Structure formats: structure tokens, C-alpha cells
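The structure follows.
Chain lettering (A, B, C and D) follows the sequence in which the chains are written, and residue indices restart at 1 in each chain.
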Amino acid sequence: MELEKYKIEAHNDDALQTHNRRLAFVAAEVENAEAIIQKLVDFQVAIPSWALGTGGTRFGRFSGGGEPRNLEEKIADIGLLHALNKSSGAISLHIPWDIPENTTNIKALAAQYGIQFDAMNSNTFQDQPGQELSYKFGSMQHVDKAVRQQAIDHNIEVIKYGQALGSNSLTVWLSDGSCFPGQLNFRKAFQNTLESLQQVYAALPADWKMFVEYKAFEPNFYSTTVGDWGQSYLYASKLGDQAYTLVDLGHHLPNANIEQIVALLLMEGKLGGFHFNDSKYGDDDLTVGSIKPYQLFLIFNELVEGMDAKGMNHATDLGWMIDASHNVKDPLEDLLQSVEAIMITYAQALLVDRKKLAAAQADNDVVTAQEVLQQAFRTDVRALVAEARLRSGGALQPLALYRSADIRAQLIKQRGAKTVATGL
Amino acid sequence: MELEKYKIEAHNDDALQTHNRRLAFVAAEVENAEAIIQKLVDFQVAIPSWALGTGGTRFGRFSGGGEPRNLEEKIADIGLLHALNKSSGAISLHIPWDIPENTTNIKALAAQYGIQFDAMNSNTFQDQPGQELSYKFGSMQHVDKAVRQQAIDHNIEVIKYGQALGSNSLTVWLSDGSCFPGQLNFRKAFQNTLESLQQVYAALPADWKMFVEYKAFEPNFYSTTVGDWGQSYLYASKLGDQAYTLVDLGHHLPNANIEQIVALLLMEGKLGGFHFNDSKYGDDDLTVGSIKPYQLFLIFNELVEGMDAKGMNHATDLGWMIDASHNVKDPLEDLLQSVEAIMITYAQALLVDRKKLAAAQADNDVVTAQEVLQQAFRTDVRALVAEARLRSGGALQPLALYRSADIRAQLIKQRGAKTVATGL
Amino acid sequence: MELEKYKIEAHNDDALQTHNRRLAFVAAEVENAEAIIQKLVDFQVAIPSWALGTGGTRFGRFSGGGEPRNLEEKIADIGLLHALNKSSGAISLHIPWDIPENTTNIKALAAQYGIQFDAMNSNTFQDQPGQELSYKFGSMQHVDKAVRQQAIDHNIEVIKYGQALGSNSLTVWLSDGSCFPGQLNFRKAFQNTLESLQQVYAALPADWKMFVEYKAFEPNFYSTTVGDWGQSYLYASKLGDQAYTLVDLGHHLPNANIEQIVALLLMEGKLGGFHFNDSKYGDDDLTVGSIKPYQLFLIFNELVEGMDAKGMNHATDLGWMIDASHNVKDPLEDLLQSVEAIMITYAQALLVDRKKLAAAQADNDVVTAQEVLQQAFRTDVRALVAEARLRSGGALQPLALYRSADIRAQLIKQRGAKTVATGL
Amino acid sequence: MELEKYKIEAHNDDALQTHNRRLAFVAAEVENAEAIIQKLVDFQVAIPSWALGTGGTRFGRFSGGGEPRNLEEKIADIGLLHALNKSSGAISLHIPWDIPENTTNIKALAAQYGIQFDAMNSNTFQDQPGQELSYKFGSMQHVDKAVRQQAIDHNIEVIKYGQALGSNSLTVWLSDGSCFPGQLNFRKAFQNTLESLQQVYAALPADWKMFVEYKAFEPNFYSTTVGDWGQSYLYASKLGDQAYTLVDLGHHLPNANIEQIVALLLMEGKLGGFHFNDSKYGDDDLTVGSIKPYQLFLIFNELVEGMDAKGMNHATDLGWMIDASHNVKDPLEDLLQSVEAIMITYAQALLVDRKKLAAAQADNDVVTAQEVLQQAFRTDVRALVAEARLRSGGALQPLALYRSADIRAQLIKQRGAKTVATGL
């Protein structure tokens, strides 16, 4: 289904007066409202194709209804999101869950919705029906060269699909690791993985990036072969200039200072992309900003500062993507909340008085440095985000419109109540 | 399949000389070898019916072969374990995964293997096909009384199956909780849960125990309604004398001092049972003793001390059970390793010189207190454990015999390579 | 020194126009601005006497200047804070660091500043010069009855000082615990501690409360004898109706859900008081709201909901106190930031639309429940807090005035640059 | 004081028969007893000069008696340890706590005890009396070049002391970091630190190594500028071939897989040295092997495997040092326990059947891999360690002899009951 433009306009008309009052207030409070709004207009967050269905845990999955049954419907779902918030103009595909039968048609369909193809994702953490060799004991780390080759070949195939669709990056998340002491020779596992990655890297088109994602634990519960940013950095620096580290917020040990990792990777020119979500315990994959919004702000603060220091383009020079699991919420509502949290936080980071902060740092004025950050974080920037949406043709209150327009009910009507999207 | 007695005897004959040498050495080193061996003979650990198949994570499951296809085959598998180690003489059933069609037959079958029915386990963390109401938002905590009643009724049904089989305890593990701030009113969730538990408790036979298991997180990632020992204790003390806390080693926050929790629950007369496994990050459900064997020893040290202080019978007054997931190992081998780790650790705890320890504590002689514990832990007690097995008719080296007798190959031949046991 | 009233007035005059604009905006946005402002006026947070000097770690302490040299100067410092923010009208004394020579005079001095005496704090975690017996191996848990008696007597002495000053509560924080496995018999340590607490409790005046504070670790690094809320609850419930649990935000294991603990303790009528601070790793004792402001909001959300459900008075029915360490900031500035964070967060919690939240919970509408909380948290309530200060005679921008009035420079001039306040 | 040789001999005579029985048993059990004993004879662990006195926390310090009052007495203490266990033949000095007045004399004194000078330690985490500039806001990261220069100069001075004494390595542990978000520009802090380290590195003698130690938190509680192995690796690789990472077991986030870090650093040729201790929560600095002995074994397992793979000499190619704090134990007893734990664990790691392990890994036989490690860990190797001591002229039971010879009492008699050694 599509959301008719008149519905958005009617919704915006209703909300406009209140919005304008709020916008006027915040615009008067901040120095650079117009510049911020423009940056918000430009900023797009990719939606992963697997996040359009209900997520689950090893203990079960409680499906909702109206989940997309194929790639076309996934694109339609993201089209809906993008129509509402004008910040979700990209999809990140997962192979083999989303193999396009006809890439030309799929590309055209996405273009209709104004959606681009962001990073491609390979999958060597599961065995697919008919797969020759098993990944039970890893893929690129595997002691058996034939398994490694299978994983390499799969990644190269994913690149080819990506090329056909207009993507220009590959995210490699390996669940490789071990569940028990002794299971792996850590050194050999690293070296096998490196050699495998090198072969994929060799097949990378010249204008592509490869993102090496790290994760501390799960599904392996003793060691992970790309376990932290240090390991990812080692791989990426050995691979070459097109290889980067990808940071997923939920992939760290307890209490990790993720914002510092982000700053250092940017410093080294090795930060490639981001998987947004939130978590309390592990890779909980909760809605962005739902648990630790200030941590998210501190990360964006480093992103803005570090990218500006390198003259990078916020909107295009890093890969931005959501990677969450929707176990108890309507996936589309969850994604609307996540994108909203990202935009709010990005706006707050843009608000930081960088001169004052730098001066406070130079004076070891810790109190003022904290005040500068809190001043930005405590400011209610929602009207700036809404204005960016308004100017782009989106809805002032995407979630409210999603509900009042009864979109889920229509999706269920179209697709059925028992559909299950591919994914976890 | 069954393991023929002569195979065990032949295996033991081969290993006997070496065993006797080792036994003689350790028996000379420790004061109370005979008493320890007898306690080891008496000690039995229940095997959960769901742990006989390959486990998995939300990212996938890599099945092995020859998994039991029904309750009869599960009992046969435990029969095999018990024939090998003579310490696995009980099964802990899970309803609805193991609903017995004919309880009389099942009871008779188990008796043939020398297996008893330990704690029954209910399941209100998943929706079963045909189930009227969903547990998506909890079961006993649910805002809808009808869902709570369904969960209550299910637990009462589980008790009935247990009565028919000769069990005398019910383990209630609730995954109830929330994924997001605001989702629950914590107080009302507690009170709903308490009222639900009270109704189940009211249906408990007079000679039964109810175990209230707690867990810090997963599958809910913000809050859990029976989240820690304090909460479990609150429920158990409000329920009454037949209600106890059950401790699962993997259900704690990072760095928790589980041995202290065990000691305090014993002090309060509220420790009911144990789920053994091991973990590094969360509820990793790894082989017992594979990650933190000294923590396991410290826990057993408290169990022995605390049970002795109350005049409790080690073998019968608490419920001992394994609760692990076998993602990368043959489940039967994994269980053999787990039981072996438990027996070794129990033996070490029995070795602790309690008088010397108490004297060191009374003198604040921290150095000696540590020496006393380490003296026990560093002693190689494997020959004592093997001797207990030998006297009971088991194998000196259960895992070695399991392999040399090619048991898995025979199970695959009987049951097929693609069978999948019920469970996670 | 004192802050002259005209300086506050001049400061407020300068800031008034901007303030009024902001106030008008937020007052129009929220439903109950006046009621919230009144609650903010009433809310007072006690300042601990030991937090007026520079804090340190085991690695060192880097003193600032102008630290208070005695109790009189400590009261003067809190007087300054209270003049500025009108929310710090109480002091929490620590014995023996702050033994008043003449209680009548001290009481009169505090009254001049409008300061009351909040919970008294005992100290059995350090040895004082001339102390007969050492607390090296604990105080109330100690194996030696004489040491326990010394700790009991000290606490009773603290109560007496408190009575003379008009306090009506005693906070007992015990560092008792152990550094090594085997050091303690957990059960006996618990029982010794309970008996000691019972003796102190017996000396408690009828209108007093006793707060039993828990802490997971530090300075003991293996076990703590009042280690978590469950243990504190056990002590408090065994002691009687005047005994309560005190929650310090930094005293938990990683990832603990503190807001749930708060809700359950309120439900049980056993929450007594609060130590505010913030932390990333352990008991870091950082400025309130500087690391996890949303967690603080969620805690206040439970406090407001839970206290309202019991008809409790927010301002008076729980003990509110800051407990932080100021290692790299001017202590007074740090405290101003902490109190500001508390007031902002309290205001946000008052803003939560409880009817809408309850309805969402009743519908399992997780998305809306989150929206309700975020709506409150994302609202910029600083003008409400400033207005409450203004009405009470405080400064619109306390920190700004503190700086522009050059208060620290004057304190250094009066007291010297090398003074060191008692404390950690 | 010195321990007379005849006392050791008498002690050994008494214990010899039992020892020989145990040795004979274990020698028959393991394949390579002689080779292991020789490696144990060669292995030496340096004792840090600051660990000879009682340690403390920010909450207090409970001194014992007879602590060394100067460098000479510290060397004498280590001489005592070395006489007892023959494995403590090195001291790691801390400047400025241990500035030698006359290096020639000190060197000669140490030689008398058979003690060498291991890594030198600088201190820029505290301000010393008379120090011109403060390290309150860091040292090598400091925004003020003059502070950085002071830190650089201090380190170069430490190198000079080390050269005079015959040391050949410098350990740089920086507490640099921040307590609050915004306090630091992470990138600039890194770059300042790197430039400072480069200047120290430039002053490094050609045969020296520089160890860059990392630590996750404490005394800074928001960020640390050398915070994890990845950051240390970045510094070390940018500095050059003489720079290495130093691993302290207590300096990690919860649940970190330290053995994997060790393996990867060895693989990269960047592991330089080790600080042994144990911990449950943070940098608890407890006795080695007292909390997680299996983790220690897994680390040694990687050390042996990784060093052998590179043809490194176990005894000399890495810097081995204890870094613990003795808050509740006699420091010398604590150190004897720590060294014993290290030797036992090293022996167990040498016992690992590497061929069988490699074969199991090649077969993905996880069960056997675990069995191989546990076989080594469960073996009681204490007689091998004792035999190595016996052959070197040490005591069979160092701790027992230390106590029976009443050494602490004599030290108190000589030095007094109230002495306080320099240190934390």
C-alpha cells in the first residue's frame, strides 16, 4: 500500500499551527536553526530489509500481522516509512533472505519510492537449505578451506547483487568464534579469517567499501573472531583503504565507552558505518534511543566533531543504518521511533557550541564542558526535526499519522494476519 | 539403544589398574575418602528432557543427528547417560514438549532405566499451536486476567502430569518482563504474578515443592518480573513454606557473587533447587565447569557447609538439575562432561577442611582460609569420582566409553541423521 | 562568606526577560505547570558534609582551594548553595568527621542559613586515631564481639548527636564484607550484622528511621555483607517498621535495573532514602545526571508513581541526598549541577501523562508507553525549575551567578588555597 | 632480616618424604615431568616494590606491621621471598617512591639476594610534593604542553635510574583520561599522548623495551586515554619496534576474553609484559589465582602456545610481574600465594597435550579440546612446582616455612609495628 499525499497534507494542516509556535520558539533559542534543518533534511538512515517483520529470541517469536512476504513488499514498507519521515530513503539488503529475482525491476520499484540501496549484507552465520557445507563451526575462520571458500564465494555473490542494484558497500558480520576454551586456535582463526576477507576484498569494485563489523559475543559465547574494535581495526588496516570498521551499538562489553571508540576510528580514517539500536544487557536490539539516549547523543557529538575535523559529509561519508529487532512492537512503528530518535539526537549534536566546548577543554573547565553538552541535550529540538520533515514533504508527526491512517490494519488486510517476514 | 553391561565391564577392566593406582594415591592424601565416595554414589543430577537435542540461538541451530524423537527416546538417552555415569538417574520433564501419552507406560519405562521423575517444568514463554491467548506480553504478569488464568491452568495441568509420574516439584520459570521503559507498571506486574503463583500454589499437593526461578534478562531486555534472588525470595516467602527459590547459574548480572546468594537462601530455608550450567556473558548455557570451575567450587562449598549446618541431606533435600544448551557439541557428550564437572566439584567441596576453615575465619586469617579452599580445589579427585561410578556399576571413563562404543553412530542409524528433538 | 541578596536580585533582573519567554512557552506546552512549580519549590535535597571538599581515589587526590576547614564552614558552603538554588536546604552529617563541639550553636548557625539536619551517617569503615579496635575485618559482621560492640556504640553515639541537632534518621552504610573466598562465613557474617543492627535499632528514637544502605562491591572486592537490595530488604524487614532500605545509584552490578528495585521497595513500604550520583563503571560518584540522565528520569518516574500510589509526600516521606565525589570539579559547582539535574528530572517525571501511560500499559501498547515517557523527558523543563527558584528567592542561573560573583576566589581568600576538608 | 639456609633445609627435610611420594605420582602421570620442572626452575616473576606494604582503597588503609621503610628493606623483603620460593628473583621499581640514593650500592645489595631489576615504573598519576605542575587533568594527554613535558622528562629520568641499575624496560601506565563527557577531545588527547610517548621512546636505549599499559577505568571514570588493548596497540605500533603492550589482568571491562587478547598481541609481536593479579569487579588487585584460576590457566595456555609458535623463551622474552594490593593479608604471604598460583598455572599450561589439542581443533572436536585443557588443569601439579623450588634451593612449602619461622614477627621487631611502605 501507499500513503496518499493528501493524507499527509491534511495531517500537516491540522498540526501546523502548534508546530509553528514550537518552531519559532526553538529557532529563537538556537543560533543556527536553518543550517541544522538543512542538515536534517539531507540525513538519511537505511532500513534493513530484515527489520520489517517481527523479531524473536531463542525462546520464541510472537508474530504480528501484515508482514511483508517478499522483497517487493519490504520495499513498499520502507516506502511507507520514507513517505512519512523522509529520512528513511535507503534499504540495506540481506542475502539470501532478499535475493532479487529481477534486479532491474527491483531497482525501478525502489526508485519509485525514492529509495536507494545501501550496504549489502551477507550471511554466513546460518545454514541455508541445500547449502553444501555447514557453518556450525564458523565460516571465514573455519579449519576447512572448503568452508572458507564457500563463505568467500557467497560474499562475492552478494557484491554482484549489490552492483546490479546500485549499492556500493558490503557489510561483513561474522558470527565466527567459539563456545568453549580450546575450541579454537585464536591465531589461526584470525589468520583464516583475514585470508578469507582478503579474497572478498580482492573482488570488491573500486568504488565500494567493505565494512568489518565486530561483536563481543552471541551467538558464540566464549570468543568471537571479530570481537572488538581493535580486532576489526586490525583486519581493516591489513585489508586496505577500502576496508573500514562498522560499529553496532549493541556489540560491546558492559560499560564500554563507545563514543571514544567512534572518535578514535574516525581519527584513524577507519570508521565506515553504524548500526543503530539500543540495549541494556547485550545485543538486545531495542529501539534506538529507548534506553540510553544520552549515550547516543555523546556518540553523535563525536561523529559531528570528528567528521567536521576531517571535512567529511555527514549525510554521505558514513553508512547509517538501523539494526534492531522488533519483538513486542509493530516493526514500522518501532522504526519510526528509531529514526525519530536518531534525527533528534543528530540535531542536538549539531547544536553543541563547539567553540565554547573547545575553549572549556583548553581550560580544563570540566564544569563548563558538561554544561555545553547538556545545554544541547536538554534543548527540545523536536520542532526542528519536524520542520525538516515538513519541508521534505513528510509528516509532522509520522507515528501519529501512521496510526490515524490505520496503516497496519490495511497491511494485514492486504497481506494477511499470519505472514512471516524473513529474518531472525 | 542400550549399552550392554559387558561393554562397561570390559572398559573398566582395561582401565582398572591405572584407576587403582590413582585411587590409592588420592585416598592416602585425603582423610575421608570412603565417606566422600559414598556421598558421590548417592548424588544424582537430573537431566532436562529438552537438553537431549542440539540447542540453538536466535541466529540459528545446527542440528546433529540421532536426536530423540519422542519422550520414550529421551528417557532412553538418559538411560544411556545413567548407565555410563550412574549419576544421572532422574529426568526433568517439560510440558508441553514432553506430554506423556500414557503415564503408566512412561513411568515403567523410566523405572527400567533406574530413572526417576524430578521437577516438572511448565512453559508460558512461548505460544503453542492452537493456544487461545498469546504470551507475547507475559503470562502470569499479564494485564489480561484471562491470559493469567490460562497460565495458571497450564501450571496446574503440569502438576497433574507430575503427580501421575511420581514427581514432587514444579519449577516455574517465567520469562515475564518488559522490553521497554514504560511497558509495565512494575508493581502491578509483581502483584499479578504473585496472585497467579498463589493460585498455582493452592493446587500444589501437600508433599510438593514449588521452585520460583529468577533470571536477570532474556528474552525480555529491559526488565524481568522475577529478576533476581531478592524478587524470587519475596514471591517464595509470600507464597508459603512449600515455595522456594531456584538458582540457575547463568541468570545473574555480570560479576554477581552467586555463592553468597546460595548461602543466604540456605540460611533463610528458601533455597529449593539448582540449574547447573556455565557462562561468560549471560545465560550462555554452556557445559558445567567449562568457564568458571572455581566459582562452581565456591558454590558447592557453600552448599555443603550450609546444608550440613541445617542437617540437610545432600542427595535429596535440594533439586539438582542441569540446564544447558548444546550448540556445538553432541548433547550426550556435553551432559557427560557436565555431570563429571559437578561430581568433581562436589567431591572437592567435601574435601574442604571445615574445622581449619572455621578456625581461620575466627582468626581473620584470610591467607589460611584461602589455602584451605585451594587445597581442596587443587586436589585431583577424579579417581574418587571414578571409584564411585565403579561401585555403582558405571564406567570408569564414561566419555571414553561413549566414544569407543560408537553410541552416537548407532543412535543416528536408529533414528536418522535429521531428527530434531523438541526444545530451544 | 555569604551571597548578598542584591546580587541574586541583580542576576535575576538581567535574566528575567529571557526566562519569562521560556517559561511562557513551556507553561503553554504542559498541562500542570503551576502544580509542578509548587512541587519543585517544596523539594529539597540534602548535601552531605563530606562532599564539600575535593574527592579522591586510591591513586591520589588533587585538592582545590578554599575547602571548608570545619563544620561551621561546611554549613556556610551549603548555605551558599541553598541561597543560590533554594533546593539544598539540608545537610547530612558524617560522624566522626563532623562532630559538633556545641550542638546548640551549630543548630542555630544552620537555622540562619535555612538548613535542616537530614540523615546522620556513621563510619565504621575506617579506623580513627585512638580507636581501640580495628575495622580491618569488618565492623558489625566482625567475628569479635568487642569490635561489633564498638561499632554499635558508635552508631548509638551518632544517633545522640543527631537528636541534639534535630535530625530524625540514621544511615548505616557498612563496608563489611570480604576480599577473598573463604574469608567469611556468609551466614555468620549476616547474623552478626543483623544482631548488631538490632542493637542500634533498639536505641533508635521512636520518630526516627534507620536506613540500611547496600553496595555491591568496594572497598571489599569479593563479597559485601549488605550487598544488594535483597539483603538490605532482609535486614530491614527483620529489624522492624522503622528500618528501610537506602538506594545509592552507584552501588549496583553492571546493567542493574534500578528503577524496578525502587518500584518494588516502594511497593513493600521499605524504601527509605536515596543517594544521588552517577556512574559508568562502579561507585564512580560522578555528578548526578552526567552519564545516564534517562535512567535517572526512569527512577524518578517510579518514585513519583509509587509515592503517589501510597499517598506519600514527595518532599518529606523519603530521604533525598546527594552522595558524590568531586575529583576534577569545584565541589560547589559540581553540587549545583547535581541539584539542577535532580530538579530537572523530577520536573520531567511530574510531567508524565499518567492516565495515558496507564491506558497504554493496559492495552500492551508498548509504543505509546514509550512515547509518553519520552514526551516528558524530551520536554525542556528548565524554565519551570528556574521559576521555582525565582519564587523561592534563589537565582535563575545558580551556576552562572556562582561564577560571576567569583565565590570560589573569595573562599580561597578567606580559607586559603591548601585547605583540605575531611572526607574521602 | 635474612632466612638462614639451615632453616630451609630443616623444613625440607621434614617434608621430603611426603613430597617425594607426591612427586613420584605426578611424574608417572605426566609425560614430560623433567622438562616441566626445568622450565619452572627458570621462570621468575618480578615483585613490584610498592607491593611490600599494605594496600588500601579510597575508604581507608589498615596497615600491618614491619613494612619496609626504604628501598633497601624492600629489596630485603624480596630477598626473603626469593629465598623461600626461588621464583621471585626480580624487583620492579617505582619512581619516585623508590629513588635509589646510590645506584651502585643498591645494585650490589640486590645482587647479594640474587635479585635483578625488572621493568621500571614511572608515576604521572599523582602529584609529588614540590612538583611544579599538576597532573589533575592528566599528564601525557594534557592540554598544556608544559605538563606534558614534565611527564616526558620524568619518564626519561626513570629510564636513567633504570640504566644505572641494570633494568632494560620501562612500563608506562597512564591514568590519563576523563571523568565527564565533554572534558576531553578524545582525538587530541590521543595525539598529545602519542607525541609525549614518542619523545620518551626517542630516549629509550637501544636494548630497552617500552611497555604501554592499558586500563579500562579508574581513577578516571568516564574515559581512559590508553583504555584497552586496541588503543595500546595503536600507540605501540606507531611508536616502533621497541614498544609493546602490557596486559594487567584487572584492567578490562566485565567479561573480557583476556586470553584471546593475549593470543592476538603475541601474533602481532606486540605483547610485552604481564601484570598478574586477580579480580571480580574491576582493578581489585587481589591475589593471583584467588578468584578465577581457570581464566589464568587459559591465559597461560595461550602464552605457552603463542610463545612456542614464535620460538620465544618463556623465561626471558616477556616481562612477568605481579601487580596486586594487599589490603587484608600480610603482603609477603600474599605474594607467596600469588607466585605459587602462577607457577602452578604455568606448570598446568606446560602439561597441555598440544598435539591432541591441535588435532581436536582441526576436527572441530570441541568436546576433546575441552577435555585436553581440563586434563591439564585438573592435574595436581603442586609437587612439580615444589620440586623445582627444592632443586633451586628454596623451600618445599614457602608459606608454611614463612609462618613457622615467624618472619613477620621478626620484621615487626626490627622495623616497628607502625611502619608504612610507600605505595597506594
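Basically, a contact is a pair of C-beta atoms (placed from the backbone, for glycine too) under 8 Å apart; a residue touches a chain by one contact, two chains touch by 3 or more.
For clarity, every value in this text was computed on a predicted model and none was experimentally measured.
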Rotation, 0 to 180 degrees and nearest 5, that superposes chain C on copy chain D via CA atoms: 180
Of all other chains, the one whose Cα centre sits farthest from chain A: D
Chain centre separation in whole Å, for chain D relative to chain B (CA means): 39
Chain centre separation in whole Å, for chain D relative to chain A (CA means): 43
Where chain A touches two or more other chains, by residue: 136-137, 178-181, 183, 216-217, 222, 254-255, 257, 280-281, 287, 290-291, 294, 328-329, 364, 366, 370
Complex interface listing, chain A residues touching chain D: 136-137, 143, 178-188, 190-191, 216-217, 222-223, 227-231, 233-234, 252-257, 259-260, 263-264, 266-268, 294, 298, 301-302, 305-306, 309, 357-358, 360-362, 364, 366, 369-370, 372-373
Chain D partner contacts - residues on chain B that touch it in the complex: 21-22, 25, 28-29, 254-255, 257, 280-281, 287, 289-295, 328-330, 333-334, 337, 344, 364, 366-367, 370-371, 374, 377-380, 382, 399
Chain C-touching residues of chain D, taken from the complex the two chains share: 55-60, 62, 125-127, 134-137, 175, 178-181, 183, 216-219, 221-222, 254, 279-282, 284-287, 290-291, 327-329, 424
